[in-house]
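Chain IDs A, B, C, D, E and F follow the sequence of writing; residue 1 opens each chain.
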Amino acid sequence: MEGLTHFGSEGQARMVEVGEKAETQRTATAQGLIEMHPDTLARIRAGQMGKGDVLGVARIAAIQAAKRTHELIPLCHLLGLTGVDVEFSDQDQPAAVRCQVTTRTRGRTGVEMEALTAVSVALLTIYDMCKAIDRGMVMRDIRLLEKQGGKTGLWRADAGNAE
Amino acid sequence: MEGLTHFGSEGQARMVEVGEKAETQRTATAQGLIEMHPDTLARIRAGQMGKGDVLGVARIAAIQAAKRTHELIPLCHLLGLTGVDVEFSDQDQPAAVRCQVTTRTRGRTGVEMEALTAVSVALLTIYDMCKAIDRGMVMRDIRLLEKQGGKTGLWRADAGNAE
Amino acid sequence: MEGLTHFGSEGQARMVEVGEKAETQRTATAQGLIEMHPDTLARIRAGQMGKGDVLGVARIAAIQAAKRTHELIPLCHLLGLTGVDVEFSDQDQPAAVRCQVTTRTRGRTGVEMEALTAVSVALLTIYDMCKAIDRGMVMRDIRLLEKQGGKTGLWRADAGNAE
Amino acid sequence: MEGLTHFGSEGQARMVEVGEKAETQRTATAQGLIEMHPDTLARIRAGQMGKGDVLGVARIAAIQAAKRTHELIPLCHLLGLTGVDVEFSDQDQPAAVRCQVTTRTRGRTGVEMEALTAVSVALLTIYDMCKAIDRGMVMRDIRLLEKQGGKTGLWRADAGNAE
Amino acid sequence: MEGLTHFGSEGQARMVEVGEKAETQRTATAQGLIEMHPDTLARIRAGQMGKGDVLGVARIAAIQAAKRTHELIPLCHLLGLTGVDVEFSDQDQPAAVRCQVTTRTRGRTGVEMEALTAVSVALLTIYDMCKAIDRGMVMRDIRLLEKQGGKTGLWRADAGNAE
Amino acid sequence: MEGLTHFGSEGQARMVEVGEKAETQRTATAQGLIEMHPDTLARIRAGQMGKGDVLGVARIAAIQAAKRTHELIPLCHLLGLTGVDVEFSDQDQPAAVRCQVTTRTRGRTGVEMEALTAVSVALLTIYDMCKAIDRGMVMRDIRLLEKQGGKTGLWRADAGNAE
């Protein structure tokens, strides 16, 4: 097990030097869900049909948050994302909305944090827009599904980890 | 069940008018956790003793994110937080770090989103700092525990919801 | 004609002191439009029916920009908006989308700049989303329609000014 | 007429993938004007001679806004501008200040939005600084004049469009 | 000597609760200077007469930084400044530009950090604009001169401290 | 002595075009210190041993500020830092904490402003966290120590300048 790279030799936090890393194509996919009352899910589904599009707002929030990840996560590098995709799906047992985000760049560091941050902000935005009717919503299972590119190459959450 | 207040009569998103609400003391407490490999937790615990303080960095990230919630959550009002507290605890079965944030203001809207955003960013920061040794960490059970103040008064996650 | 208040006695820019002003209810409404090729307007109208909702994205951009006006306009005060409404309408002769924004606060300064900034960013977002098919779009007639509150009270664009 | 690239196959907003595009030299020039009372223009002209430099402040606001375009326009990519120039001119019939901005980068996406955003914020800043004496100012004819670089190469507003 | 209020009982950083403090009129004045080569100062002085106004740009940067202090200083509260004044003066022995900033608010916390941050960013901006001709410039003696308001009332740098 | 490059031929501020510059490895190191009462220094030193880690918070603030330099300094280019290191040391005569920051990138412009901004924000954060016990602290001698890369190559503060 290698070390926590975000610290120097005396334990001080630092932004890890990545100048020697190659610029490669990098991709990450993350996922998470928000559980809610079935009535809340019914409302969200109704909105997709034209009135009160909760997921449309959450999608924009997710894309914008991906771009600002370096401001939120202290030791994260600024990078120029080349693309972001945000997908939502829903389920009944239990009632929940699932969000999956894929981020891509050509650069010297991975884009895992951008994907995870986008998922988190999407779920927070759903919470915000529905909290007047359902304060008990719970955000769960926010995790990285897959990353590609860079020295460590492909990584996939294994079956056990991925629920 | 009242409506989704973040939409106008034709379903268009809006920032809800709160000018008529009273300025009251408002408090919210939110919580969440990040599960990890036991070795990762051991590293974090070691850092608290002076080398590589993961939780110290995550705490600062959480406080700063609380102040920027209105930038991240599209329909959230800007408000001046009067205080933020961030607490971490850890557990072994399963290995995890738990984060709890309390936010307070005197104002016309609640501070639930500020507390939830701070918890999310704290967990994301822990992920970022430990991902070199453990990409399979999972963020779970991010939820509101309690809110006080405003017209709806006190709300507490019920026992069932709150695990 | 009174002076340009954003300058001190020696012509230096400053953020005008408003501490002595009363906290009153303040409202502003601004408007603007973006002219485009009729085919572009047809695409936007089609999107309102569920595929590719240009105006839904522009509305979110407008609300978020209203909250960040003080960061964009150098001598503008930070204030906590109590509400923002963004409305779109369209017309055929010439083909255009019109955006109207109303901003409200209780505070010591007016919210005209917040309304005007939100209109501008809504129109810019429409341009961004449609520029792949129509680079010749033109933003026009961005103006204040009405403001209320504060020492100067009600102001309305007169008929001549307001087209 | 090709499609609105900012939407996926199901109409969902996305940040378009540009990773396959070539890094080329890209330039854009945009323009717009703000009409005002002749007395207001006289004040602005006087300021250029040393007291109350409205246009100097607006120029800085424009440059800073160009750098933050990706934060304001939801689906816009972050890119590193290599240069920004902001020019003002004025006219008497009708009394107005015209702003022209040129933005440049080496990158995978164009810089039209950066130029248009900078023009808009320049005009908004002029409005802000002069609104105490002239609330009826109107921003007009904000448009792209020319863009170069990228797959679509050179584009110029045609004579008819460009007034 | 009372304690470091930015830490909780176990040493953890926190944003101090100020909800119980009274909203009073608060003012702070800070100062600092940047020493430079006499030729650099000559250039800056020339710019004040119309070509290349270094101090005009630095003044805008200072005002904008004051508004964003809470984003830069992790444990600082967001507050709505009611006014900001930035003054520059220069001296020959040694060649230097001095910057003095006064910030004001009505609120529950002081505005010392806003004044100090504005001074720092003004000096940094001067450095940036002149560094092509003088990289050896040094920023010195950035300090609080005076604060008023709040429970601790008036504080003034004593003669000894204030040089 | 060459000119102030941040101005155009008519004295107008501009963001200098750097598109023609080569992408090279660039590094900068800056330094500064904050003088304080010996009791304040004693408190900070005690915090390093686990309770109230002032320097840990200041380090995070410095790294985050380095990433946002282009937002603070009006004519500064956005660039992607590849690494940031922040070191603190302290001294007794006079009692002070010294901060040194090294920033690195591969790009077309230098990273001096990022290093100087990080130092300034580190010192401001120390001030903020200790001001309840020592308002008379003074920030001094913020300067560039060394830069490498780009057309002008290596630059070092000469012995005389560097104290």
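Simple rule for what comes next: a residue touches a chain if its C-beta (ideal position, glycine included) is under 8 Å from a C-beta of that chain, and two chains touch if they have at least 3 such contacts.
What you are looking at is a predicted structure, and each value in this text was computed from that prediction instead of being measured.
Engineer: Between chain B and chain E, how many steps is the shortest route if every step has to go to a touching chain?
Structural biologist: Minimal hop count between chain B and chain E: 1.
Engineer: In terms of touching chains, how many steps apart are chain C and chain F, taking the shortest path?
Structural biologist: Steps on the shortest route: 2.
Engineer: Compare the two sides of the chain C and chain E interface and say whether they are made mostly of the same residue numbers, over half shared, or of different ones.
Structural biologist: Counting which numbers both chains contribute, under half are shared, so the two copies meet through different residues.
Engineer: Select, from A-B and A-D, the pair of chains that is joined by more C-beta pairs in contact.
Structural biologist: A-B
Engineer: Among C-E, A-B or D-E, which chain pair copies the contacts of B-E, with over half of them the same by residue number?
Structural biologist: Selected from C-E, A-B or D-E as the counterpart of B-E: C-E.
Engineer: Could you tell me the distance, in whole angstrom, between the mean C-alpha positions of chain D and chain F?
Structural biologist: Measuring from centre to centre gives 32 Å for this pair.
Engineer: For chain E versus chain F, what separation do you get between their C-alpha means, in angstrom?
Structural biologist: 16
Engineer: Where in chain C do residues touch two or more other chains at once?
Structural biologist: Correct list: 13, 50, 53, 56-57, 60-61, 64, 68, 71, 74-75, 78, 80.
Engineer: Indicate which of the five shapes (line, ring, star, complete, other) describes how the chains touch one another.
Structural biologist: Basically it's none of the tidy shapes, so other.
Engineer: What are all the chain pairs that meet the touch criterion?
Structural biologist: Every touching chain pair, ordered by label, is A-B, A-C, A-D, A-F, B-C, B-E, B-F, C-D, C-E, D-E, D-F, E-F.
Engineer: Touching residues of chain C toward chain D in the complex: what are they?
Structural biologist: Contacts found on chain C: 1-7, 10-11, 13, 32, 39, 43, 47, 50-54, 56-57, 60-61, 64-65, 68, 71-76, 112-113, 116-117, 120-121, 123-125, 127-133, 135-144, 147, 155, 157-158, 161.
Engineer: Name, in rising order, each residue of chain A that touches chain D in their complex.
Structural biologist: Residue list for chain A touching chain D: 25, 56, 59-60, 63-64, 66-68, 78, 80-87, 104-106.
Engineer: Quick check on the complex: what are the chain D residues that touch chain E?
Structural biologist: Within the complex, chain D touches chain E at residues 49-50, 53, 56-57, 60-61, 64.
Engineer: Going by the contact rule set out above, which residues of chain E touch chain B in the complex?
Structural biologist: Contacts found on chain E: 8, 12-19, 70-71, 74-75, 77-80, 107-108.
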